[in-house]
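The two complexes that follow have chain A in common; it is paired with chain B in the first and with chain C in the second.
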Partner chain A sequence: MKTMTKKERVFSALNRQEVDRPPVANPTSVATVEMMDLVDAPFPEACRSAELNARLAATEITEFDFDSIAPYFSIIQESSAIGCDMQWEQKDNWPTVRMSNPIWQDASDVKVPKDFLEHKDTKVILDSIKILRKEFGNDIPIIGKTMGPWTLAYHVFGVEKFLLGTIDNPSETKLALEKLKEFTYLFGEAQIDAGADILTVPDHATGDLVSGQYYKTFLQDLHTEMAESFKVPLILHICGQTVDRMPAIAETGMHAFHFDSKNKPEDAMNAVQNKISLVGNINNPETLYSKNTTEVKKEVFDCLNAGVQIIAPECAIPLKTKSENLIAITEGVTDWLSEHNKN
Partner chain B sequence: MFEHEGLSKEFEFVTKKSEIKHIGDSIKNTSIKMQTIAFALIQGDQDTVGQLTIECLEEGISANEILDNGLLNGMSIVGVKFRDNIIFVPEVLIAARAMKAGMTHIEPILSESGIEPQGKVLMGTVKGDLHDIGKNLCIMMLRGSGFTVYDLGVDTSPEDFADGFEEYQPDIIGMSALLTTTMPNMGRTIQYFEDVGLRDEVRLMVGGAPVTQEFADEMGADAYGDSAIDAVDKAKELILLLKDLRD
Partner chain C sequence: MRVFEVREQFGNCLELVSMDPNFHNITVGLFIKNDILTVWSYSKKEGVKSRLNTIRDKMVELGGLKSIDEDFKLKVPRGYFIERPLRFLFTQSVEKDPAFKFDNGPISASDNKTKLSFTIRGVNKKDNYIYVVSTTGEHERPIIRIRAVVGGFVKYGECIKLNDESFCFKDKKQHDEYVRILLPYARNVSAVENMITTSEQTGQMNTQTLGFSQ
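Up next, the complex of A and B:
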């Protein structure tokens, strides 16, 4: 098969079509402290300045030779623009929302601020995408990210209050999600206009917190509507245990699902029945963070043997992940291919 | 099984041998009223739990009995169902709220009567980390098991833990971390307690999804727990050890 461009490779994998080699692409983030030092673009500034953001994001190609670039490293850019109480942290930690100090009480408070897309912390991603597009041309896919309404709800209402509401007043919860999805659309469309080829939609209705039935009751329809409305492929991201809800996720019409190492690759493949591509699921806190390249490659093999379409860490990688472990992901794919082609 | 049919059904979710014996024995000879409280708590029915607690107190049933035979039996089953993925966080949260509805009436009586708590625990999520759901569930189960718990919330620095220690004089400090970037802050807190000469005054317990027994040992923690139920077991063990030391 002729060599594909990175974009062709990723798009083929998203459509479950033949590829020259399985792509390696993390739809969440591969920012590391080592890379921050290398290109002098440390957190939190790299999350708040377009130029630094683009510089750090570019290392995904220049240093690791992955098949995509994902410039949105965290999950809080929209929440900052909405006005949440923020904690920007420092170089070796992710910025975050102070969820114990929520800004809204219920659905009636949900309003899109006038300057939502002009706010420093949303604009930074849009500008970074433009810079990257110019720098890398059209053959490298840029993966944008727009937060789903469920995760936004954690940020604006506080996790426990929001989850209690799902039992006390589920129709209020649905109304809140319906209003919050406006942010998902606005920021997603703006990133497409800026040049994003694909969007990740993180929406943490995880089995660590809620049942599979919750996914069906509150989110499946919203996600189906997103898959229909957005003109680019969508990758849903939910970490933690998700096998029980994968059959429902597979029905949404999204192109791919980014899954966590708490779910075995074969179980995940079985659950989705080839209706959606899978992206994942190299373990972060143990394998990438503290094990060696041999063990990383073993997990790459497990994914490829199961038929996972896009190889990736399970979520935003630990910031102190060693570069050699990231390079080992791509090498693992190469090793697997040469073994595979021999047989 | 038990007089209360609904509670007997709930008890079927308990499948570990040791727990069947432990929880089963605890429920077996309780009155139908206590079983109704336990059942209402599992359902997260705060109104019924509150109402029945008041009624029982008025009838002269002791606060201790309502706590042990009603509320705690319910909470034990909630803990097991959560650990075994039968229920999830929202269901645990409403059960906790129901527990609180009962405790509001019981707590003043218990503290007046001077009954000693199981022990005092100070809990917090370490610096730089804002994941608090797991920590909060541990707190609930600890309180539900008779511990007095002080909550320092999230993003707790070593200095904050030390200040909390000075203020509340807990027997145990529990630290939670969910991020590889913040796990080392557990070790830093333990080191800080060494540096300021407080290490021997308190037992340190750690937990959170990425934390392992191995990591806990390396940092010099006194105990590691992998679930809210385990947090209670480990806290009880530490208290026993402390008692031995003090005697």
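Up next, the complex of A and C:
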């Protein structure tokens, strides 16, 4: 098979078509403290300056030879632009929203600020995508990210209040999600206009918080609508145990699901029945963070043996991940191909 | 230097300190290839070379390792490669004030759970260098705390417990520098484990750190 460009490889994998080699592409983030030093783009500044953001994101290609670039590292850019109370943290920690201090009470409060796309913290991603597109041309896929309404609801209403509302007043919850999805569309479309080829949609209806039935009740239709509306492939990201909702996710029409290491690759493949590509699921907190390259490669093999289409860490990698373990992911794919005489 | 060059030249990363409080919050790693350790940072800040050599020198001073005539590098003498104390040593060498020195006297530390003070003395018995833990101060059953300290050395120093009060290193040799480094950790394993867990959680993205599960 002829050698594909990184973009051809990722798109073929997203469409469950043949590839020259399985792509390595993290739809969330591979930012690390070491790379922040290498390109002098530390957190939190790299989340707030387009130039620094693009510089750090580019290390995914220049240092690790992954098959895509994902410049939106965190999950808080929209929420900052909306006006949430932010904790920007420092170089070695993720910026977060202070959800104990929610800005809205119910669906009636949900309004898109006039300057939402001009706000510094949304514009940084749009401008970074433009920089990366110019720098890397069209052969490397850029993966944008736009938060789903469920995640945004945690940020603007607070986790506890929002989840209690799903029991006390489910129709109010649905109304809030309907209104919040406007942010998902606005920011997603703007990133596509800036040059994003693919969008990740994190929507944290996670296994340790809500059941698979919740996914069907509150999110499946919204995600189906997103898959129909956006003109680029979508990768849904949900942390935790999600095998129970994977059959429903596979029906949404999204191109891929980025899954957590709490789900075995074979179980996940069985659950989605080849209706959606899977991206994942190298364990972050134990394997990538504290184990060695042999262990990383073993997990790469487990994913490839199960048939996972795109190899990636399960989520945004720990900021203190050692570089050698990231290199080991791509090497693991090469080793697997050699062992199976595929290259 | 590129990532693949660092791996090729310096080997695997043994420990990473994400922010050096003594030099522009740069990230510093300790790498090992064969028996050569290298202190390295990807930072290009002015003065970084000097800072890395200072950390290297501090490791030599505090840990009994050997400096070699090459920037950022030091050698692990035979028997000195014991991973956890090396990692603690590196972290201390980065994070402590550059002027910090261990006391030269007896190896001792106060207990942070009682009013006791621990002292560790080494004795050579038939080619086996044995460390004995004792206490001063008042406590109903000091042996409980002594046993805990010995357990700490087993956990963090890969030491062999000889009895409730004594231990030795696997190579049965004298490693006073490591004992000095490990004692503050060995005296309170649960607190150290909490500290390590907290440190490991920093920079992880999961439902806990994002605040999605309380």
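FYI, the second predicted complex is superposed on the first by the 341 of 343 C-alpha atoms of A that agree within 3 Å, B and C clash if a C-alpha of one lies under 4 Å from a C-alpha of the other, contacts with A are read in each partner's own complex, and residues count from 1 in each chain.
Basically, a contact is a pair of C-beta atoms (placed from the backbone, for glycine too) under 8 Å apart; a residue touches a chain by one contact, two chains touch by 3 or more.
These numbers were taken from a predicted model, which means no experiment stands behind them.
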Simultaneous placement of chain C and chain B on chain A, clash or fit = clash
Inquiry  = Going by the contact rule set out at the top, does A:Thr166 touch chain B (first), chain C (second), both, or neither?
reply    = first
Message = Which partner chains sit in contact with A:Lys91 here, chain B, chain C, both or neither? Use first/second/both/neither.
response = second
Inquiry  = For A:Asp221, using the defined touch cut-off, is the partner it touches chain B, chain C, both, or neither? Pick first, second, both or neither.
reply    = neither
Task = Could you look at A:Val210 and tell me whether it touches chain B, chain C, both or neither (first, second, both, neither)?
result = first
Request  = Pick one for A:Pro285: touches chain B only (first), chain C only (second), both, or neither.
outcome  = both
Message = Quick check on the superposed pair: does A:Asp106 touch chain B, chain C, both, or neither? Answer first, second, both or neither.
response = neither
Message = Let me test your reading of the model: by the given contact rule, A:Phe64 touches which partner, first (chain B), second (chain C), both or neither?
response = second
Task = Counting touched residues of chain A, say whether chain B or chain C comes out ahead.
result = C
Query = Just which bits of chain A does chain B share with chain C as contact spots?
reply = 92-94, 96-97, 99, 159-160, 208-209, 284-285, 289-290, 318-320
Key: Parts of chain C lying in touch with chain A, wherever the complex brings them together   = 2-4, 6-7, 12-13, 16, 18-19, 25-27, 29, 41-44, 200, 202-207, 209-214
Key: Touching residues (chain side chain A, partner chain B) in the complex   = 87, 89, 92-94, 96-100, 159-160, 163-164, 166-168, 207-211, 214, 241, 284-286, 289-290, 318-320
Key: Touching residues on chain B, where the partner in the complex is chain A   = 44, 85, 87-91, 93-94, 97, 128, 130, 132-133, 136, 153-155, 179-182, 209-210
Complex contacts: residues of chain A adjacent to chain C = 28-29, 33-38, 40, 42, 63-64, 74-75, 90-94, 96-97, 99, 154, 159-160, 204, 206, 208-209, 239-240, 284-285, 289-290, 292-293, 315-316, 318-320, 322-324, 327
